[in-house]
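There are two complexes below, and they share chain A, which is joined by chain B in the first and by chain C in the second.
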Partner chain A sequence: MSKPKLLWLQSITCNGNTHSFLNHPELFSILAHFELIHHPVLESDYSFQEVIEGSVPCDVLILEGSFVQEGFLKAGVEVSSVIEHYAKRAKDIITVGTCATFGGIFKQKEPDKISGFAFDIEEKTARYKEYASKLISLPGCPIHPRWLSFVLLMITNGKKVEIDELHRPVELYGYTVHMGCTRNEYFEWKVDVKNFGLKEGCLFYEQGCQAPYTRGSCNKILWNDTSSKTRVGTPCFGCTEPSFPKTSLFTTKTNMGIPAKMPLGVPRRAYLTLTGVTKSFKIKRFSERLLEYDK
Partner chain B sequence: MKKVEMKQLIEKIEGEAELDFTFNDGEIDDVKINFGFYRGIEEILREKDARDALVITPRVCGICNHAHLIASVRAIEDGYKRAGVEVNLSSKAKDIREFTLACELIQNHIKWLYLTILPQLKRYVGERSEENYAIKASYLSTTITKALAIFAGQWPHSSYAVVGGVSCDPTHLDVIQAQSLVEESIRFFEQVVIGMDLEEYLAIKSITQLSEIEGDFGNLLYLLGSNDMATIGKSHDRFIVFAESPLSVSAKSIGTQLSKVDVRYVKESMQENTVAKAVEYKKRLYEVGSLSRGMVAKRPIIKSLHKRYKDSLMTRVFARVDEVGVLLKSCKNLLQNLALDEPSCTLPLNKMALHFEGVGIVEASRGSLIHKTKVKNGKIVNYEIITPTQWNLSHGTKEEQGVAIKAMVGAKSVEEATFVFRTFDVCSVCTTQ
Partner chain C sequence: MKISEKKALKRESILQTALQLFATQGFHKTTIPDIAGKLKMSVGNLYNYFSSKDILAQEIIKYTSESLGEKIREVNDTDASAEEKIHQIVTIYFTMAKEKPEMIEYFLRVYLSNREVFSDGCEGMICVSGFITEIMVFFDDGVSSGELRNQDFFSAFGLFMGYLGGMVFLKGEEVLPQEIEFYIDDISRNIYNALKA
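Right, the complex of A and B next:
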């Protein structure tokens, strides 16, 4: 049996998803399951000129970058027409990154014209219906290389990827970024971080961390197989969410001192009750450094 | 005289570009470089919080995102200082930033070597090769960005550099793991790229010793030498470096004549028929990047190559690969001397300037990257980004042709010219930010 033909197309992008995927330690074993028709960086079977001419085969289509219907030409051809040409022929379409999925950062340049391929933030675009049956969304700015390899290998193994209403695989986006964060105890006991550059304390209360209500498995499948934003003291900016990027990213918006946005699915009343309880205790261990070199 | 025009789409260069060549009597005498889509990051930043730039600007570029992060944090810190808010980075924070930046440069240079230069050169000289160069690029890039991520959380698109320092709080365990990854990268560089000991390699001072280099770099030098690449690709022979780094001081070098620079004399202007803006220094065009850093730092082997071959393709390509060795050594030193007992971030959370203007400069893999931010009431009112590719790939002025264009002029074929073009490590996305 011949291998599925993989085509990677870019629209309005920074190439971040391309480079993130190049960091996959098993990159070439994964690609060995496919015939690489065209890729933005790697050597591939056909030139970009041939891709534009519309004559190359395509089973699995990977889309990177925000989508604009008119005004973005490559070699004199509208990129949108090239994408739709292959989207019609593909058996599977994977939108990689928040730009291709929801519109992302580059949508903010022209919010009325620029969107994701099948979603405009959370709204379905006009083309959603035609492609819904073969669409998988992998939001993230950028995608984690292992998220993409999971989907690609599921496809080549003939397995069905379970997805949610925004077509995100539940195995990847059923989690929140908060799950697995090394600062979880500080979150539970409502201990905020005293400054940047400390391994102790939670970033949710003051520093704008969006991990408790952001879908993604950054703290389960670690970045570069080693860490994550929150583990190195950087707040989660919600880069997998349709709303990315919001504003005032290093500040938690609060109402009467309570974070304005609750952890995913948690009723405000439940949150307040727990906070009341935990705040009534002062636990010595959580006010101390884990280890100190600067004693 | 017979004028002929030809168009060529260049792909796999962090996006695409179109080159329009004009041939005159069989030689290229002008080139127009056209890049794609203007994404408007500078406009997107307006009215956002000053610190949001730390999250937004890395998204200019998937391959040099970290350089954008460092440039943007330096711009804010410069602004704070000018507004009277004291910002004194600990040496630990400075060293960690230099380390992560060096990791990104290594990742970038090695991808350029294995994904661009070697395969394109073999194609150009008609040598068939079944070798999977990409797996080498991926291996070293994966290894070194893992070391980066120990401090920065992830690559691409980290925002771990915060005003006043870094957000991470590394332990000895973290440093040991990073050291091990650097050692692995050095081992790869020694065994695969240069085929010799790193220390011995770094001690090479003269072109008479180049034959000692083996491995893929040795092969590359052989191919360049035996295909007359030391005579082509010459440009203005003017080099500029704006940021201090472990690689070089900040200065310009006209030929080998060194003198001071001041970023205030950098001027940006719109160009016709392309979304990329041109940039010049005191009305003259300069090359930026590894070759410029090597020239300004007066690295002996770069000077020796330059003495013989000037700013030819050979010298330019050598300088880029050479920097990987210099950077690996620098990475090793930075980790060895990292002062873990110092604070990571020295600016208290409540200290902030609300009105300021600041400039941040960094040496990115392709050369000096400049960010300028203007902030009122805590919000960005203007943000300017000048990327290295704008220096190297502008169309030029009335008086002189752009740096890469000058290097392509005189080429006998489209193939020769596009190979020269690729030696500048073209980044389409940075140019059209």
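Right, the complex of A and C next:
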């Protein structure tokens, strides 16, 4: 049986997702399930010249980078026309990264013109309808390499990838980044982190962490199979969200001390009631250094 | 009426009676037999509802806090401006102080004055969270809409509730030359001026 033909195309991009995927420990065994038609940096069967002529085959199309309908050319050809040519022929389209999915960082240059492939932030673009039936969104800046391998292996095994309304696989984005964070106990007891580099304390209250309302599995599928931003003490920047990027990433916006944005799906009164209760207690273990508590 | 509803009504009447007695006679001078006697119920039966005087005292503070919180929630759920909401909250508080003085008196003269009774079970804000939560919602909305200045919660909370509590305390001491509602407009304006952006 012939392998699915994989074509990786880029639009306006920093190559972040290309490079992130190269970190996959099993990169080549995953790619071995596919015939690599063209890839921005890896050796592949066809030249870019052949790609822009529209003559190469394509079953699985991976798109990276923000989109603009006119004005972004490669080798004298509108990139959008090349992408739409193959998008029509592909059986599956995967947008990798927040730029390709929602517009992301590069949308900031010309917010009115630049968008994601099928979504402009959360709004559907004009091309959405045509491609919706075969579209999978993998937002992230960049994506985790295992998020892409999960989707690729599901496809190559003929399995259906369950998705949400923004076409994100629920297996990956049904979680919040908060789930699995090693600082969860500090969140529960409303203990702020006191400084950078500390293992103790939650980053949600002062340091700008967006993990409680950001979808993603960063604390379930660890980065470099080792750790995550929040575990090492950097706030989650919400890079998988349609609203990415925001500003003031190291500061939590509060209204009289109350976080301006609540954890995903949590009613404000429920959150505030719980906060009032937990803040009424001072738990000794949470006020001490982790590694010194039992000494 | 179901048995559970009847019990809930009885429970509430115990809370209200005890609240009145605690607020007027003082917590320590009021006994469980006093409360049972006023309700014409047996002491033993009262203990079926509340296992000790301390627990009864704690349930009363939750009850008054929730009852005040519900009224403030109605204000929070409207589209009124922060300035109007302040006026409405002050009105609610002072009206309660006038019509159900025992509610506020209980807070000031029992809850705040007998901390040992509340130290196990009503730590910090636990038993007053029904009320505190609505004040938080009010502040959050006020800052979000740009009407109130963003600041530390407690500096704003202390200004607002300390002021109201102080006035009701003065009323209880009978040193206010005017009826409490006389002060609603001025006090609302003062609070708004202090909190506005």
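Definition applied: the second predicted complex is superposed on the first by the 291 of 295 C-alpha atoms of A that agree within 3 Å, B and C clash if a C-alpha of one lies under 4 Å from a C-alpha of the other, contacts with A are read in each partner's own complex, and residues count from 1 in each chain.
As a convention for this text, a residue touches a chain if its C-beta (ideal position, glycine included) is under 8 Å from a C-beta of that chain, and two chains touch if they have at least 3 such contacts.
Note that the structure is predicted; figures quoted are calculated from it, not measured.
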Looking at the combined model built on chain A, do chain B and chain C fit side by side or clash?
fit
Is A:190 in contact with chain B, with chain C, with both, or with neither (first, second, both, neither)?
neither
Between chain B and chain C, point out the one touching more chain A residues.
B
Contacts for A:280 in the overlay, against chain B (first) and chain C (second): which applies, first, second, both or neither?
second
For A:33, is the partner it touches chain B (first), chain C (second), both, or none of the two (neither)?
neither
Who does A:134 touch here: chain B (first), chain C (second), both, or neither?
neither
Would you sort A:85 into first (chain B), second (chain C), both or neither based on which partner it touches?
neither
Pick one for A:258: touches chain B only (first), chain C only (second), both, or neither.
second
Is A:272 touching anything from chain B or chain C once the two structures are fitted on A? First, second, both or neither.
second
Go through the superposed model and pick first if A:220 touches only chain B, second if only chain C, both, or neither.
neither
Report, in whole Å, the shortest distance between any C-alpha atom of chain B and any C-alpha atom of chain C after the two complexes are superposed.
15
Chain C to chain A touching residues, read off their complex:
123-126, 129-130, 132-133, 136-137, 139-140, 142-144, 148, 150-154, 156
Chain A contact footprint on chain B (complex, rising order)
9, 11-12, 14-16, 18, 36-37, 39-41, 43-44, 48-49, 51-52, 54-56, 59-63, 65, 93, 111, 115, 119, 132, 134-135, 137-138, 141-142, 145-146, 148-160, 162, 164-169, 171, 177, 340-345, 348-349, 429
Can you list the chain A residues touching chain C in their complex?
254-258, 260, 268-269, 272-273, 276-277, 279-281
Within their complex, chain A touches chain B through residues 10, 12-20, 22-25, 27-28, 40-43, 47-49, 72-75, 105-106, 108-110, 141-142, 194-199, 206, 218, 223-234, 237, 239, 245, 247-251, 291, 293-294
